[in-house]
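Here come two complexes built around subunit A, the first alongside subunit B, the second alongside subunit C.
What follows is the complex of A and B.
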């Protein structure tokens, strides 16, 4: 029983980790960032590069990936998203294209492949990130086996949620973000530098995707196309939770994770996934704007 | 004087131009035709499967280069026409059509997945062309237009399961696989062999291809009371599976994963420590300790210009099947699909894995089953191998035996199914 709940918790925390960045960029900024999965991938590759070139483990990779993904997010915001605020479908198309560009950049090693230059850690091949020993050895407490890596992810997710909450609700910066979210024009009229705040918010959301990438790379192979399917899960969590609601995302990730964990244990993962999608459809039909929502702009 | 109209001018200059150009054009194309023999090479060079299929394509090109260096076949150089299947069955079909109808090649080497093979099969059967397929697959196919050079289930399992039961002393198997035809057919053969050997299987579970959340499945394995896991998990999922297996505290010395698909590529991608102590059954491993194989690995690494490149079973088959083909062309004396197909029957070759021979009845290959245990460096240590190659039985799951072949020269005997 404990293990079933634990698996659900773990699945939920991974969902939330991916969705947290989207909650910011989609939820608060109204940008459908299809390149979010690619930012997850960038985070994973940062962990690979940090391992290969500096021989550092994932604890160092987490801040590195945050900065790297945030930097790329900032560039994307400056070059593409900035011109598209308020045009939801256009952001979808444009960021989809950006996602493909980022993928190909990794695959072609920024084009160096054409000149026969090879950067170790990039390219079409599969890469891996090693989980440090301290997170690999299971701990036995009575009958319960504790998996340190999954436990670590759960705690990290909680920490990031708290950090994001503090940032959004307890700092002047967060007040500005929320003001822009309600009404960017009035916010600008009140003297908020909308462009600057938007850029930083987008970078923060992107950085969170980078951290998600590091943690996911502990489970699966790192490859240029690894991020694409995750966007779907991420949006699912955000939409069910209610666009723009941090609490909504937390609750919906937890709920969908448990649903997945319970049915995967009772029957199998294929059925569990079908049930999760079924539940998502029902929830959206019942509450089109998600579990928790408030009036936005 | 008649005025030169524009139309006349165009006509005349076109004829004149053609007359000037044509001698060059014809002579050069005749010269090409005399010196070169075109073949198709069809693997995914882009998309999700490109990581593995690119290596198969490279091995094929390397074999062609080596044959050309020795003078080619029938005095001609082999010229590969490289096409990209783009990890998509429909694209595979289109490219196969292009190679067979437009380029008129007598043979195509290609495919990694069964899905892509099934997609091109109608093209080769309808046009009576020839396809060389290098991957281990589920069997249950009997085409006159395909030469299968990878292992079929009996060549991976018939020594494997009795060996696990006898040498590892295991009695209860948990069978797990990806949810599509290959793992399901493999599971069928596994069950027959497990029951024959007097052991039992406790579960038979599947996960979607590419699934990476293995928490619930590994928990099920843990709770099932099994003492060995038979894995037919394929692709990316292999990595997630082995990692989760280790992360939940399961150890290969107590509860080993015995896999049929986990090769050097997956081991390198997951990190060797996760697989250390587990088993795989294949006719070929990079670690086969013969001069022929070491030289093959070296030549391959040089060819792809990557000193760390790994070789694996399907890659090795991609390589030796070109030699079998070249021998058949030499024997046939002409490069037409029908002549090559007749001549390829019974062809033998000393491949990096040992001696291989094409079974004349079903056009599959005799291979030597081997079992390896993975060490902490990600290399297989071969701990058991058949003394000689064994016959390929693509219908073993349905009761086919060496003395009672279902797939024969005349076609499939459906009454036996």
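What follows is the complex of A and C.
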């Protein structure tokens, strides 16, 4: 029982980690970033590269991946998203294209493959990341076996949620973000530099995706196409939770994670995922604006 | 009839004539390929109808394509001379033997717990019938959930996307019924009125080309009817249309079903031409790729979306000789998509529209503005 809940919790925290960035970008800017999964992938590859080229473990990879993904996010915002404000569905499609580009950039090693130059750690093959010993050995407390890596993920997720909450609700920057969330035009009229704040928000959300990628690289093989299913999961969490609601995302990630965990132990992984999709469809049909939503539409 | 309308009819006519003239220039291998791309063109029509005309971004069109494909494939599987158990009076598909319940009778009725569901598919008309009905039924149920609740915009995209992925997982999981990941392969030939449609013959090509022509013309007619006009007004402003007294969700559900019907029909044709059905039809990537085709061709033009689909696939087939180029082509597709959305939101058809406008005496402002993606 405890183990099932624990698995659900760790699945949920991964979901939340992926969704957190989306909640912010979607909530504030109304931008559906389909390249979010690819930013997760970039984070995972950062962990791979940091290990291969600098011989550093994943603790160092976390800030590196945050910066890397945030930088790419900033570029995406500048070149694509900024030009598509107010065209919600178009951003969905354009960022899907961006996602393909990022994926192919990794797969083709930025085009160097054509010149027979290879960068170790990139390319079509699968990569893996070693988890440091501290996080590998299980700890036995009474009857309960604690897996330190999953525990670490849960704690990191909690820390990032708290950090995001503080950023959104306890800083001047957060006040600006929330003002834009409510009404970008009025926010601009009040003297908020909407473009700048949006760019930074997008970069922050992307950075969180990078961190999620590092954590995922610890227990999944890293490949260029690993991000695609993640963006779907992330969106389920965000939409079920309610647009732009941090609390909603936390609750829905926890709920969907537990659902997945319980049914994965009862039947198999495929069916568990199917049940999660089914639950998402029912919830959207029942409450189209999500479980928690301050915006009365 | 205005000059522009004449030009549009001319474009349709030229397109249809060209598709019918293909057998004069191409060998049978390429004809089979082009037949598949014409099927994709039909998917472009379905996407254009739901996205361009109804404003419904359906990211789950693969569900309907897959439903149509699997239904006909089930019948063709049972008609296959090679994939059934050899030397038996009671033929069962090969994969059922691998999934057989221990000690069960080798017969469709009871070899696995669910194999009896395959019995009606022994009649090919049943496969065809289900291939058309199942997508419509699915679309009707899904449409009722979506449009009666007045779910719109991006939520439609998410819910359709979740649905197609849900069905994909179910198809993979129900191995004894669907052969899971492997899909249905080694199919027999489609037979109509005693004639066998070998996929590598001109006849099969004509079957596909004629179907596409019919679908194109019928859909073009449908959007010009009163109902089609109401649909376009819903796309532009659903609330205002509602205030005018139209039952908005009924129109949306109806056209959602029509779009599903076209996609299901396309799925059946694809099975005839390609001789397999697989869960990849319901991949997220495939459903979004269809939207890419329509966007590049021009979502608000049925013909444009159709040509977009065919064009992209033909180019892809010509450049994808080596594996490296396949990957590079993917990158080009990604880039193309970003650029089209950014700079050419109405696609190639929009571009053609602007050019004809200019040629027809420039001063007149373009009548059709791009429908916003909302």
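The criterion applied here is as follows: the second predicted complex is superposed on the first by the 295 of 297 C-alpha atoms of A that agree within 3 Å, B and C clash if a C-alpha of one lies under 4 Å from a C-alpha of the other, contacts with A are read in each partner's own complex, and residues count from 1 in each chain.
Here is the rule we go by: a residue touches a chain if its C-beta (ideal position, glycine included) is under 8 Å from a C-beta of that chain, and two chains touch if they have at least 3 such contacts.
Values in this document were obtained by computation on a predicted structure and should not be read as measured data.
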Touched partner set for A:32, first subunit B, second subunit C, both or neither: second
Subunit B versus subunit C as contact partner of A:159, first or second or both or neither: neither
First, second, both or neither for A:223, with subunit B first and subunit C second: first
Contacts of A:105 with subunit B and subunit C, given as first, second, both or neither: second
A:90 touches, of subunit B and subunit C: first, second, both or neither? second
Contacts of A:147 with subunit B and subunit C, given as first, second, both or neither: first
Touched partner set for A:280, first subunit B, second subunit C, both or neither: second
Which superposed partner A:80 touches (first subunit B, second subunit C, both, neither): second
Contacts of A:11 with subunit B and subunit C, given as first, second, both or neither: first
Where subunit A meets both subunit C and subunit B, residue numbers: 124, 229, 268, 270, 273
Touching residues on subunit C, where the partner in the complex is subunit A: 57, 145-146, 149-151, 153-155, 157-159, 161-163, 165-166, 169-170, 172-173, 284-285, 288, 291-292, 295, 324, 327-328, 330-331, 333-338, 341-342, 345, 372-374
Residue ranges of subunit B in contact with subunit A within the complex: 48, 50-51, 54, 179, 205-208, 210-213, 215-217, 219-220, 236, 239-240, 243-244, 246-249, 265, 268-271
Touch list for subunit A against partner subunit C, complex: 32, 80, 83-84, 86-90, 92-94, 96-101, 103-105, 107-108, 113-114, 124, 228-229, 232, 235-236, 239, 268, 270-271, 273-274, 277-278, 280-281, 284-285, 288
Subunit A residues within the subunit B interface of the complex: 3-4, 7, 10-11, 14, 124-128, 130-131, 136, 138, 140, 145, 147, 149-150, 218-221, 223, 225, 229, 260-261, 264-265, 268-270, 272-273
